[in-house]
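Below are two complexes that have chain A in common, paired first with chain B and then with chain C.
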Partner chain A sequence: MIYPTTGSLIYLLLEIISAFIFGGLLLGLHRKIIARIQGRPGPPIIQHLLHTFKFYIKELSIPDTSSLPLYIAIVLSLDGVWILALITVPILLGPFGIVIMCYAIHKVSEHGIGLASGSPYAKTGSSRAVLSATAEMPLIVAPALVFFKTHTLMLDGIITYQLVHGSLFMQLPLCALATFVLVLSKTPYNPFGIVWGKDIVSGHKTEHFGVIRGVLMMGEILGFFVLLWCFLTIFFGGIITTPLAYILAMTGVTVLLAFICALSPMVAPYHSVMIQWMFALLAVLNVIFV
Partner chain B sequence: MNDIMDLNGFVIGHIPFADIVPYLTPFSLALVSTIVVFTVFLALSNPELRSVARFREDTVRTVTVEKKEARFRRFMTILCGISLIGVVTTGDLFNFALFVSLTGITNMGIFAGIKDSHVLDAAFQYGLVMMICTLPLFGGVAITLAKTGTLSLGVLAGMPSNPILNISRTLILVGAVGEGALAPFFATKVEMIRAKGAPYINMMHLSSLMVFTRVIEILFILG
Partner chain C sequence: MPYFTYLPHLAFFALGTLLGLEVSYKWHSEPFVVRKIELIPLILALIGGGLMVFYVPIGLLLIGFVIGMRPGYGVYETIIGILFALILWVTL
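Entry: the complex of A and B
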């Protein structure tokens, strides 16, 4: 793990800003590809970032029925955890367990965001967030298999292992597939996105507008970036070593995710859980094959 | 078994209290700060005014939590936060099991003040699962103690693994899963969170996932 010094705090801030901009552009590309597959021109690639900034200059409206200060604080916590994950893992190469924690807190935040407004639509979204939390078995299976293989969960240790023994993708392909499904489940318009399904308006986000919607979108962008970075580092750490390689690989994975999101229907809540469990079981099978 | 530093990074600090050694690593520090932040703003939050619409009725009514009920549930939320800090910082396996049980009890307390029958039914079922899972949880801890002669995670981390300890690990996992209402025991939790009182319900979800995160670490240490 690399330890931050006073002099590198500006560097940390620049890293966070660049992760936000690059993550926003990736999600913009994601929307553009989905639109082209569906035969629409689609928004420009920069649109997701513009959309986020636009909310920062909109009026903040808080429903009379909302639970305060939970209604605002829970959105800030979502940003907080992903910034923590960004600093600890991609920047300082610290313990991967923190990403597991942040992923779990993301679920808690989705639940809290839905509950806090008092809206029945948001409440349904939050109930689905609790239900879908049970589908995150790859979250325990993937780190376990990586740990058994590398004997460390520190990111610098995992990278060093791969530089010596080759990429973990070749050794744990089914585990990589399960983690890819985990990343997919946090991508907008994904087939497992039951929490924000259009059948319940916008799910947990239905009542969040204005500045806090902008803050919420910022957290989602950072979360997407961190998960994508972790996936590539843990399974392709022996191949992807330079920033340019990361940019190209992240773009490639985003294109793949966009194709999956555009061509797959949204599944029913229970099917969403079952399918993700199946991928986790596949990852467990990896132990037998390796 | 596996070194704590390979899992969580360097040990920032510890309290050498016999073989019960609470310790802080970057990982546990992140967990503690998250729990403290969540507990503070959940305890400060007022309950929401829940809109309830019914089919075939042209009315939307609102419901909220009564003051007396809110006071009790807030107290339980704070207690749950404190026990969660114990769960994530303790360096002793028995204390871990004890704090996980306390978390389960406070979760029950959060829902005990509600008067809706379907919520109370679900809470009752959760209570049954919780009581049953106390046996594997503490049984796993007892087997570990019988086999190794210690419950200190720091000492256990330096010992070689064996089949008996694998059984105790499985039992601890089953126990923690039941206490934290994790899958496959989540069905009652999904029913319970239909209740009103957003800040208090959110604490239950937080506690489940924090127990989940910490139990992964402990299984790795024992493995």
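Entry: the complex of A and C
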């Protein structure tokens, strides 16, 4: 792990800005590809970033039914956890357990964001967030199996293991598949996206407007970047070693995710949970039988 | 891992797409799309493709300009510019 010094704050800030811009462009590319598959021209690639900045200058209107401290603080906490995950893991190559905890707090934040406003659409979204938390079995199973293989959850140790023994993708392919499904579940318009489904307007985000929505979108961009980076590092760390390789690989995975999101329907909540449980079980079987 | 070494590349590309979007809507305010190859975006794409081989950030600015044009415009110019960059990179 690379330990930060007082002089490295500028370095951290530049890394966060780079991750934010690149993550925003990836999400814009994702949406563009989905639109093209559907026969539409789609929005410009810069759209996701523009929307994020746009909301910062929009009026913040807070519903009368909202719990004000929770309404604002929970969104800031969502941003905070993903900035923490970004600094700890991709930048400082620290323990992957931090990302797991941040992911869990993200789920809690989704639940809290939905409950904070008092809107029935947001409450339904938050209920589905609780339900879909049980679908995050790959989040627990995959790192456990990686730990059994590499005897470490420190990212620099996992990278070193792969440089010596080869990529974990070849050794734990079903585990990689389960983690890929986890990344897919955090991608916009994914088949497991029951929390923010169109049938409930925008789900847990329905009543968050203005600056708060901009902050929320920034957290989602950083979360997408962190999860993509972690997936590529843990399973392809022996192959992908330079920042340019990461940029190209993350773009490729985003294209693949876009195809999956465009060509698969959104599944019902309980089916979403069971499908992800099935992938977690496959990961366990990978370790037992391979 | 020093991703910020690519911050100029990302920033210039994002700026280019934003400029392309704004300028293309100034050029084309009609509610329909006329599919043809336009001269100025084509020149910008070729210059951008050439600069991609020598100085990537400025090349990305120009390529981003063409990519970021109003949806329906700049598609062929983008493809030509990227192909030109690939040909230059292979031959040089």
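What we mean here is this: the second predicted complex is superposed on the first by the 290 of 290 C-alpha atoms of A that agree within 3 Å, B and C clash if a C-alpha of one lies under 4 Å from a C-alpha of the other, contacts with A are read in each partner's own complex, and residues count from 1 in each chain.
The rule we apply is simple: contacts are C-beta pairs under 8 Å (C-beta built on N, C-alpha and C of every residue); 3 or more make two chains touch, one makes a residue touch a chain.
Given the structure is predicted, the values throughout are model-derived calculations rather than measurements.
Participant: Please indicate which partner A:Leu9 is in contact with in the superposed arrangement: first for chain B, second for chain C, both, or neither.
Facilitator: It touches nothing on chain B or chain C.
Participant: After superposition on the shared chain, which partner residues are touched by A:Pro90: those of chain B (first), chain C (second), both, or neither?
Facilitator: The answer is second: A:Pro90 touches chain C but not chain B.
Participant: Of the two partner chains, chain B (first) and chain C (second), which one does A:Met278 touch, if any: first, second, both, or neither?
Facilitator: In the superposition, A:Met278 contacts neither chain B nor chain C.
Participant: Name the contact category of A:Ala19: first (chain B only), second (chain C only), both, or neither.
Facilitator: A:Ala19 sits against chain C, while chain B stays out of touch.
Participant: Please work out whether A:Ser77 is in contact with chain B alone, chain C alone, both, or neither, and reply first, second, both or neither.
Facilitator: So A:Ser77 only meets chain B here.
Participant: After lining up the shared chain so the two structures overlap, which partner does A:Leu163 touch, if you call chain B first and chain C second: first, second, both or neither?
Facilitator: Touch status of A:Leu163: no partner.
Participant: Considering only touches as defined above, state whether A:Leu248 meets chain B (first), chain C (second), both or neither.
Facilitator: Touch partners of A:Leu248: none, neither chain B nor chain C.
Participant: Under the stated touch criterion, name the partner, chain B or chain C, that contacts more residues in chain A.
Facilitator: B
Participant: Looking at A:Leu49 after the superposition, I want to know if it touches chain B, chain C, both of them or none. Which is it: first, second, both, neither?
Facilitator: Touch partner of A:Leu49: chain C, not chain B.
Participant: Can you pull the chain A residues that chain B and chain C both touch?
Facilitator: The overlap between the chain B and chain C interfaces on chain A is empty, containing no residue.
Participant: Quick one: in the complex, what on chain B touches chain A?
Facilitator: For chain B paired with chain A, touching residues are 2, 6-10, 25-27, 30-31, 34, 37-38, 41-42, 44-53, 62, 182-184, 186, 189-190, 193-194, 198-199, 201-202, 205-206, 208-210, 212-213, 216-217, 219-220.
Participant: Which residues of chain A touch chain C in the complex?
Facilitator: Touching chain C: residues 11, 14-15, 17-19, 21-22, 24-25, 41-46, 49-50, 90-91, 93, 243-244, 246-247 of chain A.
Participant: Which residues of chain C touch chain A once you look at their complex with the stated criterion?
Facilitator: Going by the criterion above, the answer is residues 1-7, 10-11, 13-14, 17-18, 21, 33, 67-68, 70-72.
Participant: Residue numbers of chain A touching chain B in their complex, please.
Facilitator: Within the complex, chain A touches chain B at residues 1, 64-70, 73-74, 77, 80-81, 84, 88, 94-95, 97-98, 100-101, 104-105, 107-108, 111-112, 115-120, 123, 126-127, 130-131, 133-134, 137, 140, 143-144, 147, 151-154, 157.
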